[in-house]
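One chain, chain A, appears in both complexes that follow, with chain B as partner in the first and chain C in the second.
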Partner chain A sequence: MQENSSQTRELILAFESSCDETSVAVIENGEKILANVIASQINSQKRFGGVVPEVASRHHVEQITLCAEEAMTQAHVTYADLTAVAVTYGPGLVGALLIGVSAAKAIAFAHQLPLIPVNHMAGHVYAARLVKPLTYPLIALLVSGGHTELVYMRTAGQFEIIGDTRDDAAGEAFDKVGRVLGLAYPAGGKIDHLASQGQDSFHFPRAMIKEANYDFSFSGLKSAFINTVHNAQQRGEALSHADLAASFQASVIDVIVTKTLRAVKQYGVQQLIMAGGVAANSGLRDRFRQEIAQRDLELDFVVPPLRLCGDNGAMIGAAAHVLYAQGVRGDAHLNADPSLSFPYLAANTTK
Partner chain B sequence: MFRYQVASAAATQQVGKQLGQMVKPSDVILLQGDLGAGKTTFTKGLASGLGIQQYVKSPTFTLIREYSSGRLPLYHMDVYRLENGGGDELGLEEYFGGDGVSVVEWPQFIQDEWPETYLEISFTKSTDNPQLRELTFSPHGKRYVQLVTQLQAKL
Partner chain C sequence: MLVLAIDTSNRALTVALASDQQLLGEITLNIKQTHSEGLMPAITYLFQAAKLKPAAIDRVAVAQGPGSYTGIRIAVTTAKTLAWTLNKELVGVSSLAVIASNVLSTQRLIVPVFDARRQAVFTGAYQWQQGHLVSVLSDRHIKLAAWLPELLATKQPLTFVGQTAVFSDTIRKMCGKQAKIAPEAANLPRGQQLAWLGQQAQPIANVHGFVPTYLRKTEAEATWLKNHPNNEGHEPYVEEI
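For the complex of A and B:
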């Protein structure tokens, strides 16, 4: 089910402003990035020291037109060349979303262009389309600071959640455990590095690993970790941070890989996409590759590059290409929907 | 001030559920406590008391999650990531004065944004038993004194 590229260029200007990042991209035919401008990367390296997330609507307002101009310039296109304007309308922070929605509506109206509303999570899945064509049905594992979801796609543009976290997202657990170890935010990369030097000696729980569903829970693991560190402190005992990190990471990876590959088998998909910030974790990637090789699965495992795994406009443009072909349109009444979600498909699994 | 001990995550949720059945529009509840103290667990209970069926997931990264399927809207906020500022521009006053119930985790990072009246609940973990928590209810304002009295009668 590959989309053909037509003779004429389809150019989509895509806006993303659902949370911390303001980003505008220009995407050609749903697969080629002509520009992908992300504001926070331009102006503040300091985020990683001081960590002031640019959540304020004011920041998005300041950035969004600059990003749009920059994206158009980088892509060497004018408004007259554009086919459509796309925008994330949820889920996210209402104030932040509204900036993108208003900007996209204004440009669509001023230049008489179709407007395509895009679910942010659809964007994360379609980041993979910027790497290679998608083959349906497929499963996407979206794993980041804010999400841990397994999404099943029967066909292009159709999304059903088959598994979700019931409490903390995996990436959030990494950061919180990192704080307990005194690591600076964001701690995911540092834990990954520490873990490679340690052993899984603490045997933390593997929450919900055997349950006949595809949901996750990382809150209990976080508590177990905190209690272990806390109790050792009370006894005046020093624990190996490398072993703690390795044990924590082993628990997260065991659960995610086991449940994801079980879903892959049950749903009979040939392609698995992994996206989101935690997709950068080397332990997680390696384990997926090992298991896929060992089990001799005919599974195409696609992980977009890290720059496309975080929030960005390019992925919104890639998703919008598919929605555009399916006739999805927004109008002047398009509003932000902070709680937008894919439908949840209760897994009818067998043990 | 009212103190109440719970010995499990389920018991924490149960207290939240009771409170969820009593809250009114524009109520603001501030949850204080360390990582893993039970703030999100309590909020899950509160959501179920409001009749919300969805999973209540931690809003640490998303900052605010809104749930509209219950008796009242629930605005679940977590400003853990705003330790170094930024909370003043989140537009929290619109939520606090809104039609729903606001629950805020890590409220110490947005102290300037607190409304005049609110219910503060502190979660303290026991040093010897990792399951045990003490919940301290501190009402600020008449509405919340009444709410805590009502809750106390139910527990």
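For the complex of A and C:
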């Protein structure tokens, strides 16, 4: 597994800059976080009600070496201790990705270290490895502002998509609905909080819940929500924001939980990982736990702690550990790939 | 002093390794290729060919803009990371100065231009004084129609260099005999020139804080600041969480 057998510990310096967080981590043996420095641009991007790519890229340049220096200091490691440098090369915002890629390549060159390109989504899955060992086959639900994906893993390092969103990502729907309710970006946490105080009284549609696939759609829900609010405004009627939030969230959760658990059953997996920014939603977490208990499923449901659910370098280092063992290497030509994606699982190979 | 010079401000990519006395090597590419794919292989080859280790350099000189936002970010990120991680000096040089230094005339005002689209340019004015290239009209983003009268008012002979092709008709029409357009050979940035300019400049005190010179705010930020002049408590923009 290790190129240098005299090395007792494998140390990976990992970079993540795919969206609006600059993060650098040092990960030992794929499972232990020695440092995970995260610089968030949320204060800046709040001004625009969402992430402006050019602004994100500019902030990454300001932060990248600062984060790297702090990570190395916190981890008490030197370049001579490092085994490899890892970096997210996609998917994400191209200008943002390029900062991490440029910095990682420069460090790999300067210290003659191997370079490991990592798919950001593989990172989200492997955030769970920082919590406990993974048992294959497994299914991972990746829900964030940019993605809503169900990923099947037969074995370590092998990722196949079994379901994806056809339009908006779940987190995107939260942000758009939040804007209608006058909530500041990012709205996910605020809607979650409001929802806990309201009732599902509007009965919004549950898009694609019965369809015989694992895809999602949230744009119809968003439209139904906006229409409901606008119609009420025209009638001069005030709707309960708590009930609106609860109804919206109930629709999202119903669809995600129903389809995910159906996939768990069909593929016969014993571990379900949930990660990505929307995994922070307490309503979603609670419903999964309830359903799993009620149905008496023998299912290990793993949700990494909040800090590892959002974008971070530690998860990239954890994924890189597996890729490194499999011989995955990047070279000086490595470029960002903003639309990088896992392959789809061929329909006829389903169990 | 061994200097590594890096410029990816526009379409061309140029890197060089130079000591005080001589150029060891320069790679200049003017092809359609992303700088992310091209830069590190070029640097790697230069060091291999010169049989030098990365740590052998004393200083990294980078063209820090203006130019393509993505291009200057790739050069600046690569340069500042190399300088930081190898604990070497870092100097930033105007990307316009690199082009201006291709014109050797000591009698004329040298006007480098980059096409900023919508009839605007990134530009400035430079002059050789006692063997040094001096910025006499600072780098700026400006409509060409506003820039030319300002240059004419200096009453000095002008030499335009850089991305002049699209503007040459306008320049000739408005400036007449006061202006010359540099020959095509002078339009490409050269790593050797950047290394030489970089040897003379003062190193950056705070490598972490080093950023590209964009000369323009993003549209989103410009609009925001127009409507929120006090910025309403959004600073610091970036926080460790």
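In the analysis below, the second predicted complex is superposed on the first by the 322 of 351 C-alpha atoms of A that agree within 3 Å, B and C clash if a C-alpha of one lies under 4 Å from a C-alpha of the other, contacts with A are read in each partner's own complex, and residues count from 1 in each chain.
The rule is short, and it goes like this: a contact is a pair of C-beta atoms (placed from the backbone, for glycine too) under 8 Å apart; a residue touches a chain by one contact, two chains touch by 3 or more.
Computed from a predicted structure; not experimentally measured.
Colleague: Output check: A:25 vs chain B and chain C. Expected answer is one of first, second, both, neither. What do you get?
Modeller: neither
Colleague: Is A:57 in contact with chain B, with chain C, with both, or with neither (first, second, both, neither)?
Modeller: So A:57 meets both chain B and chain C here.
Colleague: On the A-aligned overlay, A:111 touches which partner chain: chain B = first, chain C = second, or both, or neither?
Modeller: Touch status of A:111: second partner only.
Colleague: Touching A:103, do we find chain B (first), chain C (second), both, or neither?
Modeller: second
Colleague: Tell me which partner A:95 touches in the superposition: chain B (first), chain C (second), both or neither.
Modeller: both
Colleague: Taking the superposition on A as described, I'd like to know which of chain B and chain C A:338 touches: first, second, both or neither.
Modeller: first
Colleague: I'd like to know which partner A:180 touches here: chain B for first, chain C for second, both or neither.
Modeller: first
Colleague: Considering only touches as defined above, state whether A:272 meets chain B (first), chain C (second), both or neither.
Modeller: neither
Colleague: Give one of first, second, both or neither to describe whether A:167 is in contact with chain B, with chain C, with both, or with none.
Modeller: After superposing on A, A:167 lies in contact with chain B but is clear of chain C.
Colleague: Looking at chain A, which of its residues have contacts with both chain B and chain C?
Modeller: 52, 54-55, 57-59, 94-95
Colleague: Which residues, counting only chain C, touch chain A once they are in their complex?
Modeller: The touching residues are 34, 36-37, 39-41, 43-44, 54-55, 69-70, 73-74, 76-78, 80-82, 84-86, 207-209, 211-212, 214, 218, 220-221, 224, 228, 234-241.
Colleague: For a test of understanding, state which residues of chain A touch chain B in their complex under the given definition.
Modeller: Going through chain A, the ones touching chain B are 19, 50-59, 91-95, 144-146, 164-169, 171-172, 175-176, 179-180, 185, 219, 222-223, 226-227, 230-231, 234, 338-339.
Colleague: Could you please specify the touching residues of chain B with respect to chain A in the complex?
Modeller: 35-36, 40-41, 44, 55, 57-58, 60-68, 81-86, 89-91, 127, 130
Colleague: Where on chain A does chain C make contact in their complex?
Modeller: Per the stated touch rule, the residues are 22, 37-44, 46-48, 52, 54-55, 57-59, 61-66, 68-70, 79, 94-95, 98-99, 101-103, 105-107, 109-112, 307, 331-336.
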